[in-house]
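Down below is the structure, laid out as structure tokens.
Think of it as A, B and C in the order they're written, each chain with its own count starting at 1.
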Amino acid sequence: MSHILNYIDVAHRCVKCGDEMQDFNSKISGMSKIEELSQNTTCIHKMHPMSKLITTLVYVVTVISFNRYSITALVPFIFYPVILMSLSETPYKPFFKRLLVALPFSAMAGISNIIFDKEILATIGGISISAGVVSFISIILKTILTVFAVLILMSTTKLTELAFQLTRMKIPSILVLQLTMTYRYISVLLKEASTMFTAYMIRSTDHKGIKFKDMGVFLGQLILRSMDRAERVYCAMKCRGFNGEYNRTCSKRINLKSYVYMIGISSLIIIFRFYNFSMLLGSLWG
Amino acid sequence: MSMISVKDLNVSYPDGTDAIKNISFDLQDGESVALVGANGAGKSTLLLSLVGVIKHKNGTISIDDLELSKKTLNDFRKRIGMVFQNTDDQLFMTSVMDDVAFGPRNYGIIETEVKKIVDETLVSLGIMNLKYRMPHKLSGGEKRSVALACVLAMKPSAILFDEPSSFLDPKARRKMMNSLRDLKCTKLIATHDLDMALEVCERTIVLKNGEICADGKTKDILINELFMDECGLELPLSYQHIK
Amino acid sequence: MHMADALLSPAVGGVMTAISVGTLGYSAYKVKKDDLDEKKVPIMGVMGAFVFAAQMINFTIPGTGSSGHIGGGIMLAALLGQYPAFLTIAAVLIIQALFFADGGLLALGCNIFNMGFFSCFVAYPLIFKPILKKGINTKNITIAAVLSTIIGLQFGAFSVVLETLASGITELPFKTFVALMQPIHLAIGLVEGIITAAVVTFVYKMRPELLENSVSGKAMRDISMKKVLSVMAVLVVVVGCVLSLFASAYPDGLEWSMEGVSGTAELEASGGIYDSLSALQEKLAFLPDYSFKSDEDGSNLGTATSGIVGAILTLGLAGIVGVSISAIKKKKKDK
């Protein structure tokens, strides 16, 4: 009888482990999804990485340059993510998932605005809207726009290409190589950590996670394995002539289309910064 | 004229104990040689010494009369490549193309030439379709092929293999064995896969406790049950069922 | 502790980015100068991936039943040295920002500074290393790790407060913000410090040379506690002063902090930098506000309504454009 109970117990733990493993897998799947998307070949994907990077930066800086009570002027900025996502055939769902992670922090900071800024700005249809609510909405809007802009950049541009652009901007190759290697080994290390985690959980009594007292050994083991792996990678690199420099010449020349993209969109962004498109549209209506 | 010549090689572990004791052997141009032995016999250590990753205490290692030393290290590594057991250690770039191009680029070859070499190498192994893929997304067999491509791109005269058939499913293993047979360069293959050694290598060197205890025709050595047992091994599986 | 773009102003983001870029460049230079620089590249790469993996491992905090995860700054600095550690943390933060929207793009400058600079260049050299110089043993490692992690995080958290307030997007008063951030990060720092101590002790037991190598290096003269504290105090004042020059929305909150820190209610800086910075601010103020708060009387409500209507129309228009593009693309594909 105890035999059977043992089996049931182990099976139960395996299921729990499966849940924990799902957690690891889901975290890495978000990154995998974006990696996959960056392999597509739409017109946006074909744009030069530099032009996409610069456009994203201009967009983000412009969006956050609005003061905290701006809402109507920010709304037109929604054209950027909507149009780009349709053109690049990027699905909305994974982005919303990522947004759900980023929103709570902005929301919490924004809620303080509602609490502290009680000055009534406007009364619409009997409901008085305080300045705090306005700035809260503004923060949420900014968060959505900036998060989407970055995710669109990464789902239409491969990190390799982006990293290479950094070397062209005279950023030392040691930094860029290290960045790409970190990226490359994340899935390997996660797999290793996940396997260690499973092995631990199968033999542990509670299922909440690693016991505090075991964290030192657990992480320590993972570090040592990582250092060993780094040794072996270093050997492999030396065997192929690595001498500290990573030489790479440009594979893509920036073409006219990309210039047009970059300058065109950046100009539109700046125009929208100075002219409130919403107001214009609204005044036409009224 | 011999290709790789190892004379009186002595290698120690970091704690001082001997890993390789007075080993001497020659590898002829184009030979396929299996390196077998129990765990801890010194196979990996020997391979790593041959590429200069582990420094040898004394003895000489030379390829085509070029002796391995600190000065000649770079040159030496152009001529001898090594495919590691764990492919994740060997594929460290974010695209297959960049990984294969890594070696040639480090040796200062111009980019147009590098592109040609990458394409030729990928085509020769039948993996041109993997050119723009990310290494960490490939299957075990694909990774092995790419790792081989990375080494071949440097156009070495000899290639060392550390357990090339490990972690491969049957089809991938078969593909690897075919690739090994098609390679024209000199090959030294450290392996536990005695059946593969039988199929791919005409000659076998048996290591035991850091010393060579047999060096001869694969068929003669691997069929000797008593001898294999003494060296901590056993008959290849394909011979076992004959009994 | 990751800062988001939405709570940042371009000015603060720009300044912090410049500072971080400078520090990164200097760190890269220092790593290259070291003879073993080429060996550091795979180590930094793989350890960066390790930090990623480690941050995904939740552990249970005894007594509270809640779970948390580690940051890793001091751990990295202890095992890799301060410059490689800083580069590694930066790489991790960059990837988190790009792929996980964990921290904004412009906010990277702030995040790299908040989470990298203080642990690698303040806490590690001024607290961790000197304590271990006195002898590497479990007791010293524990004290060094806990102390340096706590202090590194306290500085980092305080920077977040200053950067957020200087940006002027959130209304949170200084006192409240500080009262929230510091204690929370004190607790986090304590937990992480203990774990860091355990990890470093374990690594030291298994591979003593790892710790010895990074702790040795240029001999540091005995640093007195007084010196350490005064350096920290100066840092706080400098950081506070620089950022307060950009503050436009919080004269009250920052005045309070100024009073508390420098003893004067108003920053009596004159001439030179202050003038050119305030001139820059005036120039930047020409950017139109489009805020609901307008100094003009009367037209407020009118503008507000047309703005809202326009906004709704814009949203609708954007939706239509998006759907049409997707429909056209689909048709092309079906052909």
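Quick notes on this structure:
Here is the rule we go by: contacts are C-beta pairs under 8 Å (C-beta built on N, C-alpha and C of every residue); 3 or more make two chains touch, one makes a residue touch a chain.
Predicted model, so just to flag it, every value in this text is computed and none were measured.
In terms of C-beta pairs in contact, the better-connected of the chain pairs A-B and A-C is A-C.
Nearest to the common centre of all protein CA atoms is the CA centroid of chain A.
Mean C-alpha position of chain B lies 47 Å from that of chain C. Remark: chain A and chain B have CA centroids separated by 41 Å (rounded to whole angstrom). Distance between chain centres (mean CA atoms), chain A to chain C: 17 Å. Residues of chain B in contact with at least two other chains: 92. Within chain C, the positions touching two or more other chains are listed as 42, 45.
Counting partner chains per residue, chain A has residues 159, 180-181, 183-185, 188, 229, 233, 237, 242-243 touching two or more of them. On the side of chain A, the complex with chain C involves touching residues 23-24, 27, 30-31, 34, 56-57, 60-61, 63-73, 75-76, 78-79, 82-83, 85-87, 89, 98-99, 101-102, 105-106, 109-110, 112-113, 115-117, 121-122, 124, 131-132, 134-135, 139-140, 142-143, 146-147, 149-151, 153-154, 159, 172, 174-175, 177-186, 188-190, 192-193, 197, 206, 208-213, 215-224, 226-227, 229-231, 233-234, 237, 242-244, 273-274, 276-283, 285-286. Note for the complex: chain C touches chain A at residues 2, 4-10, 13, 24-25, 28-29, 31-32, 37-39, 41-50, 52-54, 56-62, 65, 67, 70, 75, 79, 87-88, 90-92, 94-95, 97-102, 104-106, 164, 168-173, 176, 195, 197-199, 201-203, 206-207, 210, 249, 287-293, 300-301, 303-311, 313-315, 317-319, 321-323, 325-326, 329. Residue ranges on chain B touching chain A, taken from their complex, read 48, 51, 53, 74, 77-78, 81-82, 84, 86, 88-90, 92-95, 98, 102-103, 105-108, 111, 132, 134-137, 150-151, 154. Considering their complex, residues 35, 39, 158-160, 163, 180-181, 183-185, 187-188, 229, 232-233, 235-243, 246-249 of chain A touch chain B.
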